[in-house]
Every structure is written in structure tokens, then in C-alpha cells.
Amino acid sequence: MSLLIDQTLNGVQLALLLFLVAAGLTLVFGIMDFMNLSHGSLFMMGAYFAATFVALTGSFVLGGLLAILCTTLLGLAIEAIWLRPLFGRGHLDQVLGTFGLVLFFNDFVRLVWGPAGRTLAVPQALAGQVSLGPTFSYPVYRLVLIGVGLLVAAGLYLLVQRTKTGMIIRAAASDRDMAGAIGADVTLVSTFVFGLGAALAGLAGLFAAPLLTVQIGMGDNILILALVIIVIGGLGSVRGAFLAALIVGLIDALGRAYLPELLRLVLSPVAASTAAGALSSVAIYILLALVLLVRPQGLFPARGAR
Amino acid sequence: MADVTLLSVRKLVKRFGGLLATDHVDLDVRASETHALIGPNGAGKTTFIAQIQGELSPDEGEIIFGGRNIARDAAWRRAVQGLARSFQITSIFPQFTALTNAVLAVQAQAGHSFRFGRPALDDAALTEPAHAALSAIGLDHRAHVRAVALSHGEQRQLELAMALAMRPKLLLLDEPMAGMGRQDTARMTEILRKLKTQYSMLLVEHDMSAVEALADRVSVLVAGRVVASGSFAHIRADAQVRAAYLGEKHR
Amino acid sequence: MRQPSPRFLLTCALLLLLALAPLSATFVGNDYPLIVLTRVVILAMAAVSLDLILGYGGMVSLGHAAFLGIGAYAVGIMTAQDVTSGFLQWPLAILAAAVAALVIGALSLRTRGVYFILVTLAFAQMVYFLSVGLDAYGGEDGLVIPTRSQFGLLNLTNRTTFYFLCLALLVATIALVAHLARTRFGMVLRGAAMNERRMRALGFPVYRYRLAAFVIAGALCGLAGILLANHSEFVSPSVMNWGRSADLIIMVVLGGMGSAVGPLLGAMVFMLAEETLSHVTTYWQLVFGPLILIFVRFARSGLVGLFPERAGDG
């Protein structure tokens, strides 16, 4: 039972981490119809900034805030210098252009921080475990991650659904030209959304740093998971990204935990463990395939047919 | 022959959220007939055509063509069964020559295209009917010009040529004269008048002189509903129709 | 007798250059240029196969390298299972790639535009992770392939023989794709890339043709994977990470989409750039990245744009 709770919480924590990355990505896709493969690089930069600033300042909070700030500024700079020329050009151009940015950042990181990667320890104050019942305890840090993640998700929801800015964002995500036609400053909204996405990616990088190894290319895997999530959730929908992230996170965590056991019912232990390993990593792609069969436009498609 | 009904639309309904774009429309087209569909802007004429052709799915109602209800058929199937649509906003293959555009239309009706042998443009079975379709419209002298390099009027002609190249049982023409000047419009009207005898058409048009010259029957669509149907003279005298066109001058 | 077009002359020149490549060993004194060129030829073949669906068909597949991997792994796995006869390996490996393309294509082609790109990427990643999970065959570290495919009299271990085999297959692939583009089948693909809505209105069930093209492209790329496995005598998951798929797209776009010889030119220039840059600095991606962006902004029609074909759509 405690394994179930443990894995469920792990799944939720993974889901929120992925959501932070996916939310910015889906808004950029939805509003600007822009294929941004370099979003994972912002996540990576967030993690590297975090490792560096926390080491410099000695404070997780201060270092973390600096990291998020720098990632946001970096994101805005990228948008202005590298990405703006690609707006409005076809998706193929955007794939190529943003891929070039990924290459650039992978080597940039290697140049500045070296090939070895970095570590960031869980901050002292959050290092322990907390008991959540008579037989079960869970790492404080992960709980905090879940808490902050949910707060951010709630904040995003309020922003998108309840504020005027959010209304413009939703209008632009649904039909960019129309939103412009009725007077919304779509360029400003685009820049805002981009900066917001960068900040979220930076936050995700900060939180992920103590959990994963901070290394070159760490953004690639996250990016692809985030892309799967926004396809399942529907491009342009933050709600969809949240739901899809939850599904993906839970499938991943629970799959890894229970699949070996389930498979041992029908296969030999060796075969079961091999199959379980393979299936766990591809489980979300199988989910993607199922979603495509049933609902190719995603769970909550924000955009009308284009 | 004129008593055979080619197309029968019954109680067609299409909603877009709260908007009723097609409101229980009944309409039919008889063999060899040119049936014009007119109405003010926003009446839902293109939406209606799109549902018959298959680009849009109706919410309710039937579309009887070739003896069956095709309302759930995919657009490509309807084309193969003999429904050819020309688009209001020119939809051709800009980087292909006019001839290749027509060849594709012929090819679509020539069985499946899983053929890996002779190049399509070297196949007389395709190029001859394509040339014939272009000739019927008077565009054959421009056969080897890239479609994007054709004038607007020529592109509209190409739209029509492609529809003809499909050897259709029924033509769905959505404002073939859209965006044309007076000379081009007159020329196109003349082309359509010659085609009248060989083809059955459902013709959406704004240009009233063209409608008067071509239509055997006219139906008037206002806010998704057919408010009147009959000969051009009958329509012109109808009070409801005049009210709907209040402010719209005879072009 | 028609005047040969600049494009045709380019093709002949390139193929002549490649045919003379083995002579480089006598000049340079070692096999290194030949080895590099073999790899160029193999990747060019993969790029040409991608051009069928990307350049002619307008389908931006960000997962094409998966088929390279499938072809290569099929050979590796069969060799590990003591099946070394090329007559058995090669058809089975191509079949594996074709079946994978059928499944991936059937699902992916249900999506459009951006979704399609992302979905092909995701499926390729799935194949990548599956191969990482293949502990019995090396997993992430990869699989050594101790013997090349056996074809009786044809000895693939001889570098020159192998090179000419790869070159012959490349030429055949280019000829096949160029021919397909002009057939009725190819015209459907090209028309659908230009105006899918119109194609449906004319009466074409576009999905079927695209799926067929996807399978053909996957099978051809699988063949390139077979050659790659024989060439490197090694296969690892990194053959099909998404960066390799992006590389293939760059080769096609750099050379010129929708031209049979463009991807060859693109592959040659790409590999040349990669080789020279990495000798200049170890941080070559710092330069390469911006170069790609500059290329996209200013020279997008590709290098073959400099060598026009004769007019007409054939």
C-alpha cells in the first residue's frame, strides 16, 4: 500500500515537473503556431544556472530566484534574436532553426561549464522525510515540489481563465489573426507568453537539478516528453497539458513500479523484467498512439481547424 | 431526361456553435438543369456547397445522389461518384502547369493511382482529356504556363477546367466569376452557356446578369434558409427576396 | 537531341566524382577518405529516401533516423544469432523497416502539420528507447557486429567493393525516387503536398498514397541502415536519436527538397562542413547552430537551386 502511495506521489511530482515545461511550450505552439524545439535547452540552462547561483550565494532560494530570472531573460533574448525571424515561416524552417539553437546551447554549456556536468544538493531545510501516516514517509523536497507545482498550475489557470490577459491569450491561441483583428496586441502577448514559458522552464530546471544529474542534453528527453504531453493535451491548452502531464507522470511511475509484477504473472522473471523495462519507457508512446487513434487533435484542442 | 433528379437535399442542417448556418434546407437539381443558388453575403451558400461536396459534415438531413444518401461519405468518394466542385477562392496547384493541373483531375477519375510505370505527363490517356478540358474553357494555349503565372481570370478558368476534366455527373460551381472584371465575366458566362447543354450544374453566383442568362431555376438562400425557388422572373418579383436584397444593386 | 540541363550535368559530375573516390587511397596513402565517403554515400541514401516524403510529399518527418536504426539493428541482431547470410539478412531487415514504417505511418498520418512532426519524433524516440532496453544486444552501449553480411562471392570486407556496392545502391535509390516523382503515384504525392484540399475534392484518398510513400521511404532508409551496420561493424541506439533525424532533414533541405540529387549534394556538403568544423574547433556546434539559422533565413531553396532543371513538371 505504501508502495502505491509512494509511486503515486512520484508520478504526481514527475507530472508537475513536466507540466511546468509543457505549459510554456503549449502556449507558444498555440499562440504563435511555432515549433520550438529549443524549449528543452531553457530547462537545461535553468538547471545549470541554479547549480551555479546556489553555489555562489549559498542560498537555495536566492540562487533559485536568480536562476529563474536569468533563464527568463535568456528566453526573451533568444526570442528576439534567434526566433523572431522564424515566426510566420513554415514549420520546417522552425524545426531547423530551433534545432540549430539546441546544438548551439549544448556546446555553449560545454564551453562554459565543461563536459562533466554539475550537481546541486537538495537544500538542507528540505532534506528530510516527513511522515504522512503511521507507516509511510515521503521526502520533504518532493512534497514541496508538488506543492509549488500545484500552486503554479493554479496560478496559471487563474491567469488564463480569469484575467483579461488570459482572455487575450486564449483568443490568440484559438485564432491568432482574429485576435489581432479585434485589437489585441498579439506581439506583446507572444513576448509575454514566451517569457512566462521561459520562467516556468527555469523553475522546472531549478527543481529538477537536485533530482536528476545536471548535464548536457538533459533538456532533450524532457522536451520530447513535453511534446508528447502537449499533443495528447491539445496544442494551446494549459488545461490539456496539466491533465496529460498527470496521466503521463502516473503511467510512468506506476508502470515502472507495477509492470514487472504484472508481467511475471504471464512471463518468466527474466523475460518479465526485460519486457517491463522496455514497456515502461515506451508506455507513454503507446498512450500517444491510442490518443491519435481516437482523438487526433488532442484532449482539449484550443485551436479551430487549420 | 429533364425529369431525372440528380441531387436531392433534404432537411439539411448545419450548426456552428450557436449559429444555424444551414436551416433545414430542401433543394434538388435535375439532370441537364442549371440551378442557381443566390443570396446575400453570409447566407451560407458556400457552407451549403461544402456539405454537398463533403468538406463539411451536416448535423442533420440527407443528401441523395446516385440513388443513395452520401451525407456520410468522404469528399473524395463523392468526387469519384461524379460530384465536381470548383472553389470560390481559387484552389489550384500553383507550381504545376495548367496542363498538369488538368491532368491530375483526369487522373483522379481514372482508377487508382498506384501506378509506378509510365510518367503521368507522358501518358496520352491523361494528357489528351486534359487538353480537351482546357480547350473547352479556351485555356489550352496556356497549357504549359505555371498556374501561379496565370492571370486571375485564367486561374478561375482553370478551376472550371479541372471540374470539367473530372467528367462529372454534377458540377458544383461556387462563384466561378468571383473577383473577375466585366470582360472576364462575360467570357466566363459565354463558356458556361456553352457547357449548359452538356452538364448539370448547381451554380452559386452573385452576378445577376449571369444568373439570368444561365439559370433554369433559381433558389434564394437567406440566413441558411431557402426563402424562394423558381424561375428567375419569379424570383425577381418575390417580395421576400427583394427585402433580403435591400440595398444590393443589380450588378 | 536536347541540351542537357545544368541539373543533369551536376548529377553526372557528382556521381563521377564519387566513382573516382577509391583512387584517393593511392594519393593520400590510407583508406580514411574512402571510409568517410562510404559513410557520406550511405547517409546520402537515407537522405534521398527522406526526400521522397519530405521534399516531394511535404511530410516533415522528424523520426526518419529510426528506420536507419531498425535496418542496422536487424542486421546486428541476426548476426548475433548466427544468421550471417546477406541473402537472408537484407530482405528481412528491409521488411522490418517497412513494417515499422507501416505502423508508425498509419498512426502518424492521421495527424496534420505540427502534430505530425511531433508525433513522428515521438515514435522515433520510442524505437530509440526500445533499443536502449535491448540488454541482450548491448543496450545503450551498442552491439558489435563481428562479421559483415555474407554474399558468397561478393566480399563486403573489401573496402572498395563495399564502397561501390553502396554507390550503386545510392544511384539506384536516386533513380527510383526521381522516377517515382513523375509517375501517377508521385504526382498524387506532389499534388497533395501543394494543395491537399484540392486533391480530396478531385477524388484522391490522400492518406493511402502518403502511407505507401512513407513505407517505401522507410524501407529504403532501412536499406541504408543495413549498409551502415556493415560499414561501422557496430550499431548503437545513437544511430537513431532525434538529432540524427534532424541531420537528415538538414541534408535534404540544404541540398534542395523535391530534387532527387539535392539530398546527395546536401549530404556531401553537410558532412564536409561537419568534418572541417570539428577539426577547427571542438566546439563546432557553436558555429554550426547559427549557420543553420543563417541558411534557413537566406538560402532556403537549397543548393540545387543554383542548377536549374528544364521547364515543365515531368
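Going by the order they are written in, the chains are A, B and C; count residues from 1 in each one.
Operating definition for what follows: a contact is a pair of C-beta atoms (placed from the backbone, for glycine too) under 8 Å apart; a residue touches a chain by one contact, two chains touch by 3 or more.
None of these values were measured; they are calculated from a predicted model.
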Between subunit A and subunit B, the fewest touch steps amount to 2
Relative to subunit B, which chain's C-alpha centre is the most remote? A
Chain occupying the middle, per Cα centroid: C
So what's the Cα centroid distance for subunit A and subunit B, whole Å? 49
Centre distance in Å when subunit A and subunit C are each reduced to the mean of their C-alpha atoms: 32
The distance between the C-alpha centres of subunit B and subunit C, rounded to whole Å, is 43
So subunit A residues touching two or more other chains come to none
Junction residues of subunit C - those touching two or more other chains: none
Report the residues of subunit C in contact with subunit A in the complex, numbered from low to high. 54, 60, 62, 107-108, 110-111, 113-115, 117-119, 121-123, 125-126, 129-130, 132-136, 241-243, 246, 249-250, 253, 283-286, 288-293, 295-297, 300
Can you tell me which positions in subunit C touch subunit B when the two form their complex? 179-180, 182-188, 190-191, 194-195, 197-206, 209, 212, 311-314
Of all residues in subunit B, which touch subunit C in the complex? 53-55, 74-77, 79-80, 84-85, 87, 91-97, 100, 103-105, 107-109, 113-123, 126, 144, 162, 166
Subunit C partner contacts - residues on subunit A that touch it in the complex: 29, 33, 35, 82, 85-86, 89, 91-93, 95-97, 99-108, 110-111, 220, 224, 227-228, 230-231, 235, 274, 277-278, 281-282, 285, 288-289, 292-293, 296-298, 306
